[in-house]
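Here come two complexes built around chain A, the first alongside chain B, the second alongside chain C.
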Partner chain A sequence: MNATTVHNEKSSSAVEVRGVSKVFANGFRALDDINLTIEDGQFLSIVGPSGCGKSTLLQIVAGLTAGSGGQTLVGGKPVTKPQPRDIAVIFQDALLLPWKTTLQNVEFPLDLQGVSAAERHSRSLEMIDLVGLKEFADNYPAQLSGGMRQRVSIARGLAQNPRIILMDEPFGALDEQTRIRMGQELVRIWEKSRKTVLFITHSLTEAIFLSDVVVVMGRNPGRILERIPVPLERPRVTDMIGSDVFGQLRNRIWHLLSDSGDTSSPAQNL
Partner chain B sequence: MSLRWQIRIGQILMVALFLGSWELATRADWIGIDLLAPVSTALVKLYEMLGDPAFLRDYGATAGRVAVAFAIGAPAALICGFAVGEWQDLEKISRPIINYALSIPQSIFLPIFILAFGIGAMQKIVFGITHLFFVTLVNTIAAVQSIPKDQVTALRSFGASRWQIYCRLYLPGMLPLVLTGLRLGMIFNILGVLLAEMYASQTGLGKAIFTWGESGDTVHLTAGLIAISVSTIAINGLMRAFERRAYRYQLETRSA
Partner chain C sequence: MTRTRIIKIVVAVVILAAWELICRLGLVNAIILAPPSSIVAAMLTSWRDFLGAFQVTILSIATSIALAWSIGIGFGLIFGLSPLGYGVFSPLLTGLFSVPLITLYPLFLVWFGIGPGSKIAFAVLTGSIPIALNTMDGVRQIDRSYIGLARSIGASPVQAYFRIYFPLALPSILSGLRIGTSLVVIGVVVCEMLAAVDGLGFWISYNRTIFKTGHVYLGITLAMLSVVLVNIALGHIERRFGAMRAEAATATV
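What follows is the complex of A and B.
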């Protein structure tokens, strides 16, 4: 499917990015005429080299940064500021408050939104249980490992009960083993909750394993090269990573990234 | 017996050793009475002085000046520090002057302070404020800058208002460093006030110990030094206790 025809898709989409561009004050064109649709309940990943504007795009969809042109619609309405009831953002770092326990951290966004104590308590405990940290509800972040902290941050996003979750390289700061395990966890959680997910990553394997659709971006200027559906069935299991379909998909994306004239760090994208 | 108690007993023994050597050295006249009074004599004198209106007046004068200087200087330093820390351009502009101010020994300006403010309470208070201001300012700036920008972005994504970001993120996040700044500021404040009193004053503990020293009255002098030391140790200890509470989540971490 061609990127420029994407905005003609049917209107059941959760997120619609229409002709969005971003030019920074120094003249750098981070994003150029981005068109992207994410269907309701879809898991969509964006891969691309550093500097292709994928994080900027996520920030624009999140309402944390304004684009220089174009429009972003969430649930049919233009995004101009953060919308915590519809959108949860999970960042590369867990960004937990060090003086709050796991439970208090997960409750925090709900607390800010004025959700009643009883409700935020039960919602938070449920999500902490879902990410497997029930015994650590009363621990402080510094008492948790990096992977556990990121799971708290995911629980915090889920507890907001958003329709859309935006994830900006959430496992980028973790070691390889933890990263793979977290990916499996995320697939399991997502297959249960069926939220709409926009997932940004450097890892092609991660992108293919998790997603319904992988969007490949190039840089200078930041643009969409191709939108690639992933034909693997669900539930996803780790054995699929060794399959032919998986390998072919990864090769195809790999070539897209290499042929786009970006030879910055292709090896790191594997 | 636990290691903690062994250390505690060791600490008590060290203090006892210090006081014992002091007592012995002065009693045996290794250190003459013209320099230092025995600790026991000084403590008896101090007990007497607690009923002496002149001493109490001096103590009250100094304590009052320190308190007023803190009440004015601390909020001023906190407000300025927050502004400088939060607005980068302001930080860049004021960074050199703050650094210079910190590297100059402030005592050299005392003669100018006397010319400007006389030798009354006002001069001591102003001198206390200037001593306190910069150290508290620098700690407050550091406290603001210790708040990660990504953390602010995360709170914005939760829908936090600017006010909520300040109250729920900045305030608790800054608290430990701010308390450290206030405690150091208080130490400098006391230093400034006592220094100003010793240099030129009619009243105050600084003036009192200086006069006792000049007249060779080491019993009063030693008693006065003990009174000041115990008071400052108490203030420091109290402020430190608040600081430890603020750092508790980190301390708990370490013990876990």
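What follows is the complex of A and C.
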């Protein structure tokens, strides 16, 4: 392998996970030899049963937890700590600061990083507009619905202007209806911003609908079962969910999960 | 002026007048119950002593409050986030909080002498315990995911404590400050009554021993005044601290 190909590899893949494992202090093997590449601008979802280590994997990529072995590269550099300028993390709960308005919440990370008031203001307003909350910029979190709060948290992540967004079951706490609407919103936002996204979910439908690639994980130990490209075209529309291609993909993932001996949790969301 | 306020004033005047009348008519011994006018008389004869004592007490209270707040909040923030720190100090402080600490005051006298040092040290001890306990509880109740958020958005430890954890724990901290501050005021005045050379507590005790009941009442009145002043100051700070929280909370539709 010559120097040029190495350089090409670095520039095309945003995230590269090489042989990462995680063993907890009690001996539990949460992740075993994980290899995963996310291309620049790709939307990749991970589905898998509870306890397959998908959240732990996200934490390792985020630099919030250290792996027990292997290496994670983001933009070609090893990740050892959080990278607020390159990576934004969206958590399951919106985690807004209740004493701050929508605008102030979105501005907060930029404020911490010392971005000038004028710039963080315009960047934040742009993102609030993008997530469709323009009229709620001056509202407090208590005045917003669960879905709106999560949209504020997505705007907060986008305003950091990261190259990579890591989303850890961001719609897991929402009701089914809101969840579907949020999925559509996210597709719309992503198609405009084209960030690299690593998305973790329990829902097979959500994973297929949103992603370019779905990675299926199994547990005991946490490992990758298969990497499945999604051949649906963009822009994605909800009608696709009823299509044959969609149904076949969902069946395939479902069988992968069933064969690995776990049918309990994805069944609820099939 | 509202109707309620007029009625309140009328009631107060009637009570004071009745009290004065009972004393003037000689229905009770003046040592047991001195008339309200004796407070005025005491003020006229001994205002210099009491003004000095009032200053001493207020200064001790202010110093103790500043120390108790800083120590209590600082301690609580540091140990509340660490499971080990919480496990060690929460039962310890809860235990101390339920013990009548005034029994330790003789030791404080030996260590710090009969001056402002011993009463301030005692007041800070009693006041900072509930503040530390409430702060620890407030911090512990913060959703742990906020720690991940703080790190992922690039907050330094100082930024995380001051701009995320402290405000998140604020409602609990404020209730700790209410309890702690009133314990500080009680601590200072009680210590002055037990052993001191100046301050309102000392003058109350001293005048009681020489049966100058009017002077005792004056001391009590001034001690109450200091509590009122502290409460007004506390209310201001609570409103400033809590304004943003209150705004966010009451805005709930």
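One rule holds in what follows: the second predicted complex is superposed on the first by the 255 of 270 C-alpha atoms of A that agree within 3 Å, B and C clash if a C-alpha of one lies under 4 Å from a C-alpha of the other, contacts with A are read in each partner's own complex, and residues count from 1 in each chain.
Criterion: a contact is a pair of C-beta atoms (placed from the backbone, for glycine too) under 8 Å apart; a residue touches a chain by one contact, two chains touch by 3 or more.
All of these numbers come straight from a predicted model, not from anything done at the bench.
Asks: With chain A superposed, do chain B and chain C clash or fit?
Replies: With chain A as the common anchor, chain B and chain C collide in the superposed model.
Asks: With the two structures laid over each other on chain A, which partner does A:256 touch: chain B (first), chain C (second), both, or neither?
Replies: In the superposition, A:256 touches no partner, neither chain B nor chain C.
Asks: Specify the partner with more touching residues on chain A, choosing between chain B and chain C.
Replies: Counting contacted residues of chain A, the larger count belongs to C.
Asks: Once chain A of both complexes is superposed, is A:228 in touch with chain B (first), chain C (second), both, or neither?
Replies: In the superposition, A:228 touches no partner, neither chain B nor chain C.
Asks: By the touch definition at the top of the document, which applies to A:113: first (chain B), second (chain C), both, or neither?
Replies: In the superposed model, A:113 contacts both chain B and chain C.
Asks: Overlap the chain B and chain C contact sets on chain A and report the shared residues.
Replies: Shared contact residues on chain A: 62, 64, 82, 84-85, 87-89, 91, 93, 95, 97-99, 108-109, 112-113, 139-140, 142-143, 160.
Asks: Which of the residues in chain C come into contact with chain A in the complex?
Replies: On the chain C side, the touching residues are 143, 145-146, 148-149, 151-156, 159, 163-164, 167-168, 244-245, 247-249, 251-253.
Asks: Per the contact definition, I'd like the list of chain A residues that touch chain B in the complex.
Replies: It comes out as residues 62, 64, 82-85, 87-89, 91, 93, 95, 97-99, 108-109, 112-113, 139-140, 142-143, 160.
Asks: Any idea which chain A residues touch chain C in the complex?
Replies: Result: residues 59, 62-64, 81-82, 84-85, 87-89, 91-93, 95, 97-100, 108-109, 112-113, 139-143, 156, 160 of chain A touch chain C.
Asks: Mind listing the chain B positions that touch chain A in their complex?
Replies: 148, 150-151, 153-160, 164, 168-169, 172-173, 249-250, 252-253, 256
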